[in-house]
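Here come two complexes built around chain A, the first alongside chain B, the second alongside chain C.
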Partner chain A sequence: MITVTVAKDFSRHPAGRYLKDGPYTGELFRKKFLEPNVRDHDRVVVVLDGTRGYGSSFLEEAFGGLVRAGFEKATVLQKLELQTSKPSLAQEIIEYIEDAATGKYAAN
Partner chain B sequence: MRKLSLKRKQYLDKWSRVLPGAKRKLVASTRIRPTFEQRHPGEFFAPSQFNIGNARSRRELLRFISDFRQCFAKESPQAIILDFSATEKLFPDGTLLFLAELRRMMRHTKGRHSIRCVLPSNDKVCQVFEQIGLWNLLGVKSPAVPKDDDVVHWRFAHGHQVEGQRYEDVLSDFDGEIAPDIQESLFKGITEAMTNVINHAYLLERQDGCGLEHEKEWWMFSQLKDDLLIVVFCDLGAGIPRTLPLQRKELWAKLTRNGRASDSSAIENAVKDSTSRTGLHHRGKGLNQIYSTATENPGSEVAVFSNFGAFGRSKTGKVVRINYDGSIMGTLIHWNIPLQPKEQQ
Partner chain C sequence: MRPIELIALAAVVVGWFATHLFSEARERRKEVRSQLDKLLDKLFSLEKDAVEFHSCATFDSSKTGGLLGQVDRIERILGRLPIVRLDDVVGPIIHHRRAITLRNFEASTFKPQSAGSDLLNEIASATRDLEDILEERYASEYPGSFPYFARPSTHTLTLIAVAALLALCTVIGLHELGVV
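This part shows the complex of A and B:
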């Protein structure tokens, strides 16, 4: 098991979708923390509290992007453990993963 | 025949020298008034109010901006005078638009023109211009020290990327005064606005006649006044009504099925189309997340101005749609969020 604390390991200000957008984007977080850890570990705990917030572009690209990058939806949902004081945030992320699997993704 | 006064004679002499021969007779025989720019080339008078919400003030501000922008765009060096003597009231939206336009033109012209200012007679306006860095930008020695409560809380930020950390530049001072949920909601709204700027706003050339290269820029203000937090964010891109046909072709086809769509209608539909299919607001995508920053916080207001239109929500929840006769040539988002007194948090 590995734990990734977004605010500590990545940034307190995660924002943006693609690498070109800025310094702490969803694509960067996925490539740096999610893809290697989901590939190499049985369980990946992502601690979401402690940041200023999460825009939908960041979340969709980071978590929905895992499925588009070739990871099975079931594997992603099984391995990821989302720790947050806001249940709606975890639910939002799960829906991005499910939507990406059914091809419902559309960039905003 | 009536004798010409000395003043009239001097005026006609001047214009007969300026205009080509064929027009001299016309000038001498008719009462042609030279345009303002002909009488005062390079001198531009700022309006009394910097405001884009009121139709009349907006018209005057856009005229002022358009006039100095055309002068700045000239290849040959110009002696430009910006006269703020009549400026009495600064609203965050109009002030941000003005500052964004001026900074953009000054960066592109790289010191080619000489710029002088006629200072505002209003002390508060002087203070705000100092607080937002305008005097520094124009190389004017500061005529006032920001001291008033409603001035010292103006904050300004500018960027070229989605930089969440810039949130701190304008809003970290209010930590402890803004409820955590509102802060989070604002962070989402602001960073989604930045994401829209970088990915969508500058897809097309700006139709301002200046022919300048694209730079994906955004500008932002915050102001705290009477327990009301005001945040404005703008870009000088193509505007939602122009990018919508490229970005959401089906929506645009539906919108224009019965004729041309107004800009306010284009903005409204762009916001609504961003709402999630499930209708859950936490699923809202970019533009909707910007809008819902207000809808999630009771008593808040939001307005999205883009080109000729505006779409928003009043503090009572009433939907507002307005179409103006002048375009801001870009997009400006304005949030008003009431803060609870500290003891209630």
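This part shows the complex of A and C:
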């Protein structure tokens, strides 16, 4: 099991979707923390508290992007454990993982 | 002590308690209304800022952090509002965050939105949905008709229990003394 604390390991100001959108984007977080850890570990705990907030585009690209990058939806849902004091964040991330294959929330 | 005096004493105690109960409920209602009004002000201010951001001729990266902070603050304040359980408003909160920050929120995809665009309509609709659910919760917790509150608070229930216990002890004491 590995724990990733977004505020401590990545940034307190995560924002943006693609690498070109800024220094701490969803794509960067996925490539740097989610993809390698989901590939190499049975369980990945992601601690979401402590940042200045999340944009939906960041969440969609980071977590929904895992499925588009080739990870099985069921595997991602089984391995990820989301820790947050805000129930809406965990629910929104799960929706992005579940709907990633349909492209419902992907970039316009 | 004559029975009539006991009845008069009981009437005073019950009257005092009823006054206290309704006074507390009125104060609580005012306090929650004030908290709710402040939250609604922040919600409308965020709506205005979000519409300005998405309607701007060019992408303004300096405003994205502020908007994310405001969106996050709404949920944190909601968590402190006594009429709302965060678990019950997950859907409207996601809808609201998504309306403002899912699309058109990066330089790479930004397009100035004109009045009446789907995105601006979605922001207005998500804001109204949150406002409606909060007003609905307030109205159900503090109805506009007698007795003006839906259920007694834990504090009030404790007071009722203490008052009942004291009344019981008084009656037993008076009985032991041979007064009643």
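What we mean here is this: the second predicted complex is superposed on the first by the 104 of 108 C-alpha atoms of A that agree within 3 Å, B and C clash if a C-alpha of one lies under 4 Å from a C-alpha of the other, contacts with A are read in each partner's own complex, and residues count from 1 in each chain.
Simple rule for what comes next: a residue touches a chain if its C-beta (ideal position, glycine included) is under 8 Å from a C-beta of that chain, and two chains touch if they have at least 3 such contacts.
In this text, all values refer to a predicted model and were calculated from it rather than measured experimentally.
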item	value
Fit or clash - chain C, chain B, common chain A	clash
Touched partner set for A:Ser11, first chain B, second chain C, both or neither	first
Partner chain(s) touched by A:Glu95 [first = chain B, second = chain C, both, neither]	both
Chain B versus chain C as contact partner of A:Gly53, first or second or both or neither	both
Which superposed partner A:Pro23 touches (first chain B, second chain C, both, neither)	first
Partner chain(s) touched by A:Pro87 [first = chain B, second = chain C, both, neither]	second
Footprint overlap on chain A, comparing chain B with chain C	13, 15-18, 20-22, 52-58, 60, 88, 91-92, 95, 107-108
Of all residues in chain A, those that touch chain C in their complex	13, 15-18, 20-22, 52-58, 60, 85-88, 91-92, 95, 105, 107-108
Complex contact set, residues of chain A against chain B	11-18, 20-25, 52-58, 60, 88-89, 91-92, 95, 104, 106-108
Sites on chain B touched by chain A in the complex	161-165, 167-168, 183-185, 187-188, 191-192, 194-196, 198-199, 274, 277-278, 282-287, 289
Contacting residues of chain C [partner chain A, same complex]	61, 64-65, 68-69, 71-73, 75, 79, 86-87, 89-90, 93-94, 97-98, 100-109
